[in-house]
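In the two assemblies presented below, chain A is common to both, partnered first by chain B and then by chain C.
Our next item is the complex of A and B:
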């Protein structure tokens, strides 16, 4: 731990690497067929340092000093007991939340954004491009790029681009360029040149557009912020801090995080999962996904693309298919089509649990949390709030009083339009039919049996 | 370490990243393309192979040197390793 002499706060000096404790091998990444057939100059998209971190079995990875110094500007983040919420729902459970909204980006995403910007800058990159859903990741990368002197362009899913104008403003404050994805100009051009289909936009498509940008511009690389092993690694400062702040006498029985692709849940849960894998605890770790994007609870454990380009690496993940598009709703960054290969493997081996929550339930819990604890959760974070409340009530019914820890990953001050809909009674659930999932999964790549493992 | 020994380590590392692909070309030399219709590996596979080379040869690549190096052929990768071993890429 590093102590900041100004306020005697303690911040972890390392990240926790779950690969050190995994009792199984992860399925290998595969080269997509389309890339094998097209000779093209090798253009690396990652600094080697990030790949080293994704492969090493070292348990603790030192945080570079420049990144650690940036962390100290807002870390350690508060760990609070939600006493008013406990009182309101009448539970005997002790509910703690780790609040990650108190930085310029408003979410936990800054943990990996700063680390990535540092490593890319160290490798000589001049410009980063990315895709973002609700805008939390795009904002975090914009902040981090400015910190480390990189240019930044963000492709933001068009629905969020329209609904969250002030997300764009804050990204522009940090000198990032923001465009909607799909690009309306390109869509209009495609339609005018012949019969075509307007892509409704999703995170995979936004990443695809960013990837095309990176390929077209020397000195530009693609940065992604959630499901990759290194993104989860960098986010483990959240769980490590929480464990330290709780102290040995108050370790959690249940750890909860919202699930988009993995950095939110992985950031809070990985240090605790590691303890479980080492036989040091019997903690339950629960990933909460959106009912309208249910990759763990209703997807399949298959090889799939990590974005919509058809040339990204194939990873074995719980997926709804890279063409899956949520039918609306306000689930923000949880609308990614698949789950990190590490968390997918943990779920496959029954080492973590998953649940899915409806939009109406999570907004009700978000409002309850705001009225009791005084922080308006981002819709993504409200999934964890809701699960914590539900698990506390269930424990009461079972006559137990567990310690519950969840990650309040970001504030909802850019999400007031969706809360407005909730208050007006116009917010509707967006269920996904089995047929929608089946249609999307039909586009998964066909692989050799040998490769699929 | 001779260039042949380095090439053998490089080829071994590159091939180790080709899980699930059809057989590699029978003849692999400096001219063999790393991507596309040669070994057919992706840029991510290339980086994974470089990490394995670091482990097997006890060398540490400089991130900037890796980012700036051409890596289109097996010979390019062997050159990178030679420079690192000679301390030029470190």
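Our next item is the complex of A and C:
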């Protein structure tokens, strides 16, 4: 938009920190035994600002001016009422969506990517590495690194790397290096030198590869996209802005976000959960996960690693186990094995709700949304779309007319191969058996179970 | 955006008709000899509203309420000052861009597609067919047809059809049928039955195939995307809106648009050309074409067909000949052989300027724009980006600081294969020789030359 003082006033100048309002203590992180034996892991250092942001009880954290200036290049993002969708499904509910796909990276992830790149650059880091699933986070970090003059390398889950070649091009446009994870050459080497194990690839493994890269290169740090408290904090600009745009007269009854590790759901929901915790509303907040990666609805609340390295801190989370690789399908961005410890704790205390959607359902809702509202949702974002539609229908059956707000976190223009499969009727759901979940969780060391107990 | 009366007031309620202000008569269209022998061609009928809009001298044409309502689902579009780009190139010029890529179709073409679908549906048409180059027009018509309940079939230039498979998926999402042009089966049949000629495909040929389809199917009409007076008229909402958003204090010195057949350039420029014709400004308006399809800068001003059928009306235009297929590269959307008769006449009378850009230059500027402003331009749109940068640099050399406005007509997320080529250094310019242009123009029948004389 044209420089417009009215607009600048509509972009929040701070992030919202849920820690200020939590009515319980979060279980502490634990140092895994392997880290005690591998002090080199300690070489990786979070910038002090991010450490502080993970711990402070301050409710509103000022957004640093350089980050705010970048936000203003595409924020405020549109908040729209989905009138055509409402009309199409014949609901009495009022459905609003906050659209976060209109920036260079195509998703909400740019909110924390810019903040992290800024803090790392300020702390003297010259290069960031990361792992990415569907590529939204990798793209966001590539854009952010270019903005703040950092080099960037992205390890992308091999399946997505192959299915979405243009994600690679976008990241290259922003000067990032991008490689598939697991690294095919390393895999070949492992296999040729003996009975090596071929890892099928998942986000935790991609982060592990990035982690090794960071350890091996001085001046390089590992940046993570979603589950950390500060990543969720930076994403709350989404929910705060939506709250402001709705105006004082419109209070949502239901707030919905898709759940990967937490920044998508947390970004839209945290400010509303805060209102609820402070007794200012009784909004329902619903995290929607993929049926193929059902950590909240079918995982266990216990200590687990945040990546696959075995040396990352152990956090108490709803998890399927950091080696979880079953399921599959096209929902790369939601396939993180666990849920952020803060959201996990809120869920444990029944302060947020969870649901899981099948791939066929979310693609159907994605197409319906595209035809009515004119934006093709990323499959990840389509989980929130689907839940909003389902909850509106349920409300109609119950004779209520709630105000529903959801985050349309990104566009699906890099996901057309999977939409093509859907249109061709060849998209299949990939159910996960209880046995698979049990086996994946069995990998967690006994210590963790004790710590969790 | 949230329903916002202030917003609605910022979307023009009418289109601007340049015919009201033209200081000269347009050369009349001529009926080609072949059409006199083929009365069936007359079966295709423009809705009366579109006929009137091509002829009336009324300056402001009210936008029908159902079309305006659709516009409001994504308009007003952003007008942004390209501060980061200005900073990067170190110019004193103020560069503004109007971004038209944020709708379901991804380009400005939805403005006329919706209007045309509305008028055809109102006139009782049940199905529209069309030809498309890069796919922007086909996608826009697919979206518009779905909005107004029409069936839609798109003939897409085979080269683009193969290079951009996801364009097909998008059109299928909106229930359109899409086929490559020339039709491979018809080509095979032609070759097997004798010394048939294989047409390499171009927009004029795709329109011709659509034209045959319309003739063969009652209730079907041919819709065209760009060159017709009414298509440009409907696109003027872009320029009118920009004029309003700039505010009374900011008067552009230079307005720039990419030139395919005319709706892109005409949409942004016509309202400003009107101001100039009425003596209210002395703005320069610059149409930027592809060096591989240089109708204004190297074509001839003479009568030619608007498509390849040989039965469409002859219009006096700057043209390379409707059989022009040389050049090539990735600029599918600008490869129409001629320039709209209105813009051609304005150019002939030196009321607009023209420049031509090479493929390598426009991709370089596209990448620069993406890195500074966070939007990846379609290669077509990157022509305007490149010209804006060049004119800003020239102004700096001359010691002036003009206000430059250009239309960023669409995003490049379907064009990443060509950006990948650019990044790999394998993108080559495809020069067009004078001899090729001479040979292509030689196909025009002698009659036309006389009529043009």
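Quick note on the criterion: the second predicted complex is superposed on the first by the 433 of 453 C-alpha atoms of A that agree within 3 Å, B and C clash if a C-alpha of one lies under 4 Å from a C-alpha of the other, contacts with A are read in each partner's own complex, and residues count from 1 in each chain.
The rule we apply is simple: a residue touches a chain if its C-beta (ideal position, glycine included) is under 8 Å from a C-beta of that chain, and two chains touch if they have at least 3 such contacts.
Just so it is clear, the model here is predicted, and its values are computed rather than measured.
When the shared chain is aligned, no partner comes close enough to touch A:162: not chain B, not chain C. By the touch criterion stated above, A:30 is placed in contact with chain B alone, chain C being left untouched.
Looking at the shared chain after the overlay, A:123 reaches chain B, while chain C stays out of its contact range. After overlaying the two complexes on the shared chain, residue contacts for A:44 are found with chain B alone; chain C is out of touch. Once the two complexes are laid over each other on the shared chain, residue contacts for A:52 go to chain B alone; chain C is not touched.
By the touch criterion stated above, A:313 is placed in contact with chain B alone, chain C being left untouched.
The interface of chain A with chain B does not overlap its interface with chain C at any residue. Every residue of chain A that touches chain B in the complex is listed here, in rising order: 28-32, 35-49, 51-52, 55, 119, 122-125, 311, 313, 447-448, 450-452. Against chain A, the residues of chain C that register as touching in their complex are 1-3, 73-74, 78-81, 84, 96, 102-104, 106, 143, 146, 165-166, 168-170, 172-174, 245-247, 367, 370-371, 373-376, 413-414, 416-417, 419-420, 423.
Residue ranges of chain B in contact with chain A, taken from their complex: 17-21, 33-38, 40-48, 50-51, 54, 61, 63-64, 66-68, 70-72.
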